[in-house]
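Read through the structure below, which is laid out as structure tokens, and then see the notes.
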Amino acid sequence: MTASEATTPRQLTYVAAVGEAFAQLMREDQTVFICGEDVGLYGSVFGVTRGLLAEFGPDRVVDTPISESGIMGMGLGAAATGLRPIVDIMFMDFMGVCMDEVVNQVAKMKYMFGGKARLPLTIHTMAGAGTSMAAQHSQSLEAWFCHVPGLKVVMPSGPYEAKGLMVAAVRDDNPVLVINTKTLLGMRSEVPEALYEIPLGKANIVRPGTNFTIVAIGRMVGESLKAAEQLVDDGLDVEVIDPRTLQPFDTETVVASVRKTHRALIAHEAVRFGGIGAEFAAQIQEEAFDYLDAPVGRVGAPFSPVPFSPALEKEYVPNADRIVAEVRRILGNRV
Amino acid sequence: MTASEATTPRQLTYVAAVGEAFAQLMREDQTVFICGEDVGLYGSVFGVTRGLLAEFGPDRVVDTPISESGIMGMGLGAAATGLRPIVDIMFMDFMGVCMDEVVNQVAKMKYMFGGKARLPLTIHTMAGAGTSMAAQHSQSLEAWFCHVPGLKVVMPSGPYEAKGLMVAAVRDDNPVLVINTKTLLGMRSEVPEALYEIPLGKANIVRPGTNFTIVAIGRMVGESLKAAEQLVDDGLDVEVIDPRTLQPFDTETVVASVRKTHRALIAHEAVRFGGIGAEFAAQIQEEAFDYLDAPVGRVGAPFSPVPFSPALEKEYVPNADRIVAEVRRILGNRV
Amino acid sequence: MSLSRETLLDIHRRMVRIRVFEEEAGKLMESGKVPGALHLYVGEEAVAAGVMTHLRDQDQITSTHRGHGHLVAKGGDLKKMYAELFGRVTGYCKGKGGSMHISDLDLGMLGANGIVGAGPVIAIGAAFSNKFRKTDNVTVCFFGDGASNEGTFHEAANMAALYKLPLVFVCENNGFGEFTSQERHQAVHDIADRAAGYGMPGVIVDGMDAIAVYEAAGEAIARARRGLGPTLLECKTYRFFDHVGIRGMGVIYRDDSEVIEWRKRDPIGLLEAQLAEQGILSAEAATSVRDGALAEVQEAIVFAEASPFPPPEALMEDIYTTAGL
Amino acid sequence: MSLSRETLLDIHRRMVRIRVFEEEAGKLMESGKVPGALHLYVGEEAVAAGVMTHLRDQDQITSTHRGHGHLVAKGGDLKKMYAELFGRVTGYCKGKGGSMHISDLDLGMLGANGIVGAGPVIAIGAAFSNKFRKTDNVTVCFFGDGASNEGTFHEAANMAALYKLPLVFVCENNGFGEFTSQERHQAVHDIADRAAGYGMPGVIVDGMDAIAVYEAAGEAIARARRGLGPTLLECKTYRFFDHVGIRGMGVIYRDDSEVIEWRKRDPIGLLEAQLAEQGILSAEAATSVRDGALAEVQEAIVFAEASPFPPPEALMEDIYTTAGL
């Protein structure tokens, strides 16, 4: 489904799109509830749950103590016994505090029980740097979770994706980690009022192109579109692909594109070393080796914690210029 | 340094090599202590700390409650205030319980403090499947930690490496995660009695070869050597490289090998998707693109939790046959 | 509370079934027939039986790595249990979980768990669900003295009390966390003392006395069902065997004398004496209960050993829920 | 314990310096001059000052996201602090940490922390180290009422009591965890009640009364120095400003009336009244202390704003220790 199919030209911010998805999903299914720190009375520090408490009450919009393991366990226990919880972990950096629950319990329960568990659990969190919040409030750790069988992972790149992927995530009968990006919350785009799903596992070709493929996730999708414009002068007609779902990854769409364009680059905000871009690049060279005219490039954050000082953070966060430079570097004198 | 340089032909098991390293390091430096669950009176469930309590006493060999976050925090606080702790986390699967301490505190403290911290902390744990311990006692999660700036990660492939890398890790002034493999504990090899260091960040060419490179870690090093023998009939003279240190990764040695052999494969026990093999493969195709005659292959565990039943676990754990098959698959009709 | 004859015999039968199940399982593990590690419940039967006799199938429990006893007491199918220990496709988890993940969601048994301290936070979710769905089902969370030092217990206890969840925390204080005795892993003698810090009652009971456990658990469970919130029930018990396997004596971390003392208060012997006194269970009757359990267990073992291993393709099944379940 | 004139004035001066530091920092954040989010300590000064006045440079503290007050009270250099808030290379962390990671290892200040509940487990390590090195240094762990629900507090408390570590847990109970009031995040009114569950004394003190805090902290610290183990000291206090920034009234999660009530017991006003009564500090003297602090702070701000930002190459420095330090 692409934005053009939207039933109305209504524009919504990213944060409003997430909030609307929550509200509509809670109206649709009485077993859906949301729990997390300050998601109720305060409406979440990011505003994504504003208004939910008033409409659905404290039984379904649950403020919790600062106990991430407890919150995640509560979501798992409720999902295993018939409810459809949405668990909010304020910042993705805090996933480390409940990592065991996510990785050893949530992801594995179904398999360990021989399939006899249905876990319709959605985990919602906020990733990304660029807000002067320093090393413990700015990380993008999607690679960890994509490495864990039993989880699905989605990363919306805009308001339209934020709503459609949230709907698919909450309706899915498996644990799905929804990674939103805090620096995109103010972004506006067309968002249909009706409940719509963006299918999990299906990539979206954001910008069709013929001779270079950029696979970008989250905030880097927008940056890649800017980069694509800058690269026109280089004689490059860049195809930009947003996987939307990182796990399962839509290898097919990406490989088909690269077989057509013969050159590719992956862009994400996370640290480059060991980032999900490595997996994408490895798969591309495996599946499209004979079609590649250049190595698959990768753009990601340098190998350092996220610095506080704006002077350093602006050097840290990848952007369109960095993508353009990397594209030119890998093409070198091959163009 | 290679085994041949060892000062004595003495043979030691992997478990004894680790234990000897601990004892010698504690004799060498009075600020070294070890803490963890049942590392004292019981000598650890794997036997790696046997005898330490008797020699060094309870102040330096500390049995802890079952509180991984507390244990890891204790190691960090002690390291930040002048001691050189060795923290034992029984199974690598339990790292999830203290993930925040490792990733947000241990790895980032120095940077967040502008460099004003010295953290000589060694984290020791046991990874690997193949012991019918099921999904929560069998994981290999090295990829997570290699993605975290501020940590160093080593993964010994035998007794000689187990001792030499432990010595280097404990003497290093940075947090180093030492990942031992439980199924290798009984393995014997030549281990010098003297304290010797295997330099961190330096790969070891275990088997020189001319026309194919296998980069293998931990248990897969031995399996790759077996595979290399089987592949002789295919006309392949396989070079087997053990990076020994995963973070920092010795790109240079590996790339030099691939530029020579023109074909490569990565083998690890961890789940293939998002495993550290993806990073290695991505780097190889970036640095040696024009030298590659075939895509870089990867062998790892399938995308499932580790099953309990021996009937399934033997299908799960990668081995020499799987490596041979994958080498043949990627070469296809290119040979 | 005076217990009916039926209830007393029911408790006794559950205890004997656990004992026999565990003794046979232990032998099979030591002989290498059952793969992996088994954490056996022998010596602690009064806790599982005394608590579970109050529960319905809809009431949930979260278990531990030492979980066989809990499932047997909750009414688990011995055939499926043994098949699981043997890693066979007919097992509760199709052989994918084994001893440490044995479970039966239909019986509300939310799984043994390989992670110490994992249960409490899952239990608050099940309890929350019972309350959310306006049922009067309760959830019982079993955990050990060692697990009482994991942060997860703390978080779950606080949330359970805060939300007044229909939950009972049953601490099986057997004096050891693996090979570390309680006085070497915490500075308090009574784990029940922790209850006050969360705003819930803390109760201590003799975990070798099945009737005492039954009565104390009865009150806590009734309280939870009435919507009055959680209770922390500490049962003082003892593990007769080693942490893993069946060896109980001659171990480095405890004196044989201590084991001998505790064995004098074997929970089954204790209950049988009480029942004999009340003329409810004769020695012969007791023997026939044991014989019956043994026959059942032997039948289960035969079933398990005769069952096939899962086929290779099962490896990649049951990871995700596709259509429906 | 009767406090000397010097001590009383010392406490007062520390409180005023914190107050002025925070008020100015708050304005700079609201005006966008200081990037990121500042969690200000205004209203809670008596806690940091009352405790820190007992400490030596060698004694360590672990702080929280609300850490400026702790560092000022521990003797932090205001210039380096402001430079850090501004993200300048002259800051305590060369601009890499900012408000949430401000630290000074030379003063034993082991860092503000962006992770709620991170401090307690780091504190036991420092305390363990003090004991291991046979010093009589103590470690003080500051944490909030909200943090008292994190599992890390539980694990650290248990280990500190078990090992009898020279440690004092100072709970700054300001009634809120972010925007959630205490009665909505835990079922107990006194967090000190949790101490008994670990086997350590729990003490409650009026956190607005600097002298009371000083005296209670003095006993706990002396006890720790003597090797008698940890204490949990709960200080009942209040955050005058919002969770982040300076706005204190007209917020959705608390009534202005509550803020007004607490402000009547402003810890600085309270102490100045006590000191005036004892003829130790006149109104004029108090004003000059404040003026002095303000001058110091303004000087620090000028220094900070005049300082350069870190150069781009600094991004990849200080991640690992290479030769020596």
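A, B, C and D label the chains in the order they appear, each numbered from 1.
We adopt the following convention: contacts are C-beta pairs under 8 Å (C-beta built on N, C-alpha and C of every residue); 3 or more make two chains touch, one makes a residue touch a chain.
The model shown is predicted, which means the values in this text are computed figures rather than measured ones.
Novice: Measuring between Cα centroids, which chain is at the maximum distance from subunit A?
Specialist: Chain C.
Novice: Roughly how many whole angstrom separate the Cα centroids of subunit A and subunit B?
Specialist: Roughly 30 Å, centre to centre.
Novice: State, to the nearest whole Å, the distance from the C-alpha centre of subunit B to the C-alpha centre of subunit D.
Specialist: From the centre of subunit B to the centre of subunit D is 40 Å.
Novice: Using mean CA coordinates as chain centres, what's the subunit B-subunit C distance in Å?
Specialist: Subunit B and subunit C have C-alpha centres separated by 37 Å.
Novice: What are the residue numbers in subunit A that touch two or more other chains?
Specialist: Correct list: 64-65, 67, 69-70, 93-94, 97, 100, 104, 111-112, 134-136, 149-150, 303-305, 307-308.
Novice: Specify, in ascending order, the residues of subunit D that touch 2 or more different other chains.
Specialist: In subunit D, residues 93, 95-97, 101, 113-115, 149-152, 155, 158, 162, 184-186, 319 touch at least two other chains, as defined above.
Novice: Chain contact graph: line, ring, star, complete or other?
Specialist: Complete.
Novice: Which residues, counting only subunit B, touch subunit D once they are in their complex?
Specialist: Against subunit D, subunit B makes touches at 33, 59, 64-65, 67, 69-70, 72-83, 85, 100-101, 104-105, 109-119, 149-150, 152, 173-174.
Novice: Touching subunit C in the complex: which residues of subunit B?
Specialist: 37-38, 41-42, 45, 63-70, 93-94, 97, 131-137, 302-305, 307-312, 315-316
Novice: Which stretch or stretches of subunit C touch subunit D in the complex?
Specialist: That would be residues 149-155, 158, 161-162, 184-188, 193-200 of subunit C.
Novice: Can you list the residues on subunit B that touch subunit A in the complex?
Specialist: 93-97, 99-104, 107-108, 111-112, 134-136, 141, 143-144, 146-150, 247, 249, 270-271, 273-279, 281-282, 285-287, 289, 292, 294-298, 303-305, 307-308, 330
Novice: State the interface residues of subunit D toward subunit A in the complex, per the touch definition above.
Specialist: By the definition above, subunit D touches subunit A via 35-37, 87-88, 93, 95-98, 100-101, 113-117, 146-147, 149-151, 177-180, 184-186, 252-253, 309-310, 312, 314-316, 319.
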